[in-house]
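Common to both upcoming complexes is chain A, partnered first by chain B, then by chain C.
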Partner chain A sequence: MNGLRQGLAVAMAIARKDAISELRGRQAAGSTLFFAALVLLLFGFALGPDSRRLAEAAPGLLWLAIVFGGLLTMARLHQLEADDGAFEQLALYPVDRRAIYAGKALAGAAVMLVLGGLLLPIVAILYAIPIGTAWLPLLIAVALGAIGFAAIGTAYAGLTVRMRAREVMLPLLMLPVVAPLLLAAVKATAASLSGDPLGELGSWLQLLVAFDVIMLVVGAGTYGFLLED
Partner chain B sequence: MPQTTIYVAPRLAGTLGTIPPAVATVELARLFGRSAALAGVSLTVEIGRTVALLGPNGAGKTTLLRILATAIRPSYGTLAIDGIDALREPELVRGRAVYLSHATAHYDDLTAEENLRFAATMFGWGEREGGEVSREALATVGLDGHAGQRVCTFSAGMRKRLALARVLVARPSLLLLDEPHAALDGDGMALVDRLIGLWKEAGVTVMVASHQAERVSSMADATVRLEGGLLAEVSGAGASAGPVGARQRPRVAVARMDR
Partner chain C sequence: MKTRILGFVALAAVIGAAVNGLFVVPADLNQGDAQRIMYVHVASAWIAYASFGVTALAGLGYLIRRDLRLDALALAGAEVGVMFTAFAIWGGMMWGRPVWGVYWQWEDPRLTTTALLLALYIGYLLLRRLTDDPARRAARAAVVGLIAAVDIPIVHFSVLWWRGLHQGPTIGDPSKILNPSAPLQFVLALLAMLAAFTLVWAYLLIRRYQLARLEWQLEEDARRGLVQTARLALPGAAAAEEPAR
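The block that comes next holds the complex of A and B.
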């Protein structure tokens, strides 16, 4: 019980530290949001002014923007550790490695949730989609997707943070693994936006929960090894 | 002068009444690619001793300290810290050995106090006690006037002082200091000397790697000199060149790989 409480304190301390760094380094977080919004705008230009086409593509484009922004977020949260040799110090603290992973993943999920939450109205405005009463299932889909993405993104960012070509290696290694989660998140978002006429939203959300659990278990199990030299 | 509390990890009871040495390495070697940074070091350091680790650049001082701290694993050899097999149970060693590295390992967007409170939580202090020991450590290293200042505004010397404060917040039984005087002004160097003295009094085993040979040797019980990844000289009390009967052949084999 003591170990659990200590692990929880460690995870919260890491998440709080990362959140403070994100809030105070507003330029980086703001740039990520701006970049993701720009992705949405450019895809809008590429698809043309056909509003039906835009509405059909909106769930996929929203998740592409979240994924691009998420990759930057995951890399940045680990760059914090690499800047002054803090990653080695983090590995040397006498704490459970799973608690370190939980803290980093929690911070990543929180930042991605805020990013997704801010991108939703931008999608609605840019692609003229009435969100109406769909905001709750949309937020749930974004939250579950963000948790899964952060769960696996934290592990991969831990793997690539010591690499020289980490900016390239993180998406290269992570995107193939995250594809099934992305598919479920897009389907859940599309079902939410269309009012779920086929009653499939629940199934996609359940699949997202299953992906989240798997990725959290795999991430927590492997992160400790990544901290080792 | 602010009050300084030296927190020390509790001693482990030795088997059959014997007290294990603080550090016991046998033919410790570490290769980076084909180059041997450490080529077979067998060293024993008694509990509570202060050891000066000397040698030219590239002698293997930092590599040895990083292996002892469990930051990196050796390519060959064994090591025990306070009788604990560091290769099998590194997490137990991390609760006892604290490493002060060249990199100060701070978070730039956090204030000095936030950095220390974070470290205090990681070292197992509760919320309230963590705040108290952090403030006390900041006062000891002379940064109490900068507690609320973000670390990105700190000079190299201030960053080093904050790293020393982090060591104070930990409760080590073995302290591994890598060039602790580097980047510090005269007052800062005197502070390091005073802290080493306090740790020594408290019974903490201290290993100090430094190019300031005279300075650290005057404080040390023993001097260990490394050259080319090998032990060149061990003198003084409390440190010896490996456990009795340690084989020396493998270090030659490892050293050859360097060529």
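The block that comes next holds the complex of A and C.
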């Protein structure tokens, strides 16, 4: 019991530190949001001015923007530490590695939730879709998506951070793994927006929950091996 | 020597199964000769899944036992698996064009799953090439292999739902070939091909494993300054001199 409490304290401390350095940092969170918003704008150009087509594609475009922004977020959460040589020290702390993982994943999920939450109104404005009535399921979908993405992103960012060509390797490794998450999140978002006429929202949210739980377990179990090397 | 015999047996088995599938078994009434592709296509898909199972289990074993031989096995599984996956996708596309009318059928959950499978393990192989230290490479690869293996069933189910919740069953679903109404001859031809492919698989797996051990030995020697250039070694020689770790 004591160990669990200590682990939680460690996780919270790491999450707090990461979230603060992310939100207060000059180069970080703001530019990611701007990048993701820019992606949404460019999708508009790519698909043409047909507003119906844009509204139909909106859930998918929103999630692609979140995924791209999320990749940057995950990489940076580890990069800051690796650049300063603090990563080795983090690995040397005599605490449960799962707690370190949990803290990092929590910070990643929180930053991504903020990102997704801010992108929702941008999508609503750019693609003219009403999100007012569906904000709760939308936020749940974004939160579940953020957790799952951070669960894998933390493990893979920890893996690639000290690698050559890490800028390529992180998306290359992550994108195929998050494919089911993307699929379920897009479906859940589309169902929320259309008022869930087929009653499928629950299934997709369940799939997201299952994905999150499985990836958190695997990530927590393997993160220690990545810190070791 | 034993491996070489296995290689010849595998070659003979594949030739036998191919002759059977191409000339002995009659063509399918609906799909015509295109259906013959299924014998190699389904067999390679199964073998691919088995390969990635080997990779995941060997990787898990490495994380527990820290034995680099298990890592060599994981590598062998991934590389052979990528080859069979690519082969399965290629076969599926060749089959899909005449039967479905398109090379790529988004509504087929197996095809989409297999494409992601290929992407997952190409990433795995790339990761290996970008890490030099053997122990570090083995640990990283093991983690990626495990996450990929856990991901595959989720991918499969999500794609199944993705299709299932919106559309009716696709006509020409590959599983229909194996339904009970399929003539026994077809099923036997597929099983014969599967057996032949399993022999090829075992042969390639063993050879790739041996090669990985040799490569590792060479890396180790180069690090110690024992060799300057690549040297030739006999397949049997490497297994004997395994430095204790």
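Criterion: the second predicted complex is superposed on the first by the 228 of 229 C-alpha atoms of A that agree within 3 Å, B and C clash if a C-alpha of one lies under 4 Å from a C-alpha of the other, contacts with A are read in each partner's own complex, and residues count from 1 in each chain.
Operating definition for what follows: a contact is a pair of C-beta atoms (placed from the backbone, for glycine too) under 8 Å apart; a residue touches a chain by one contact, two chains touch by 3 or more.
Just so it is clear, the structure is predicted and the values come from calculations on it, not from any experiment.
Judged by the touch definition given at the top, the superposed model places A:Ala184 against chain C, while chain B stays out of reach.
In the superposition on chain A, contact of A:Ala155 is made with chain C only, not with chain B.
In the superposed model, A:Trp63 lies in contact with neither chain B nor chain C. After overlaying the two complexes on the shared chain, residue contacts for A:Tyr127 are found with neither chain B nor chain C.
In the superposed model, A:Glu228 lies in contact with both chain B and chain C. Shared-chain residue A:Arg24: touches chain B; no touch with chain C. For chain A, the partner touching the most residues, choosing from chain B and chain C, is C. In the overlay built on the shared chain, the residue A:Phe43 is in contact with neither chain B nor chain C. Put simply, chain A uses residues 228-229 to touch chain B in one complex and chain C in the other. Taken together, the chain A residues at the contact with chain C in this complex read 152, 155-156, 159, 163-165, 169, 172-173, 175-177, 179-180, 183-184, 187, 198, 200, 203-204, 207, 210-211, 214-215, 218-219, 222, 225-226, 228-229. Interface residues of chain C, counted against chain A in their complex, comprise 63, 116, 119-120, 123, 126-127, 130-131, 133, 135-136, 139-140, 142-144, 146-148, 150-151, 154-155, 157-159, 161-162, 165.
The part of chain B that touches chain A in the complex is made up of residues 69-73, 91, 94-95, 98-99, 101-110, 114, 118-119, 121-124, 127, 150, 159. Across the complex, chain A meets chain B through its residues 6, 9-10, 13-14, 17, 20-21, 24-25, 80, 83-86, 88-95, 228-229.
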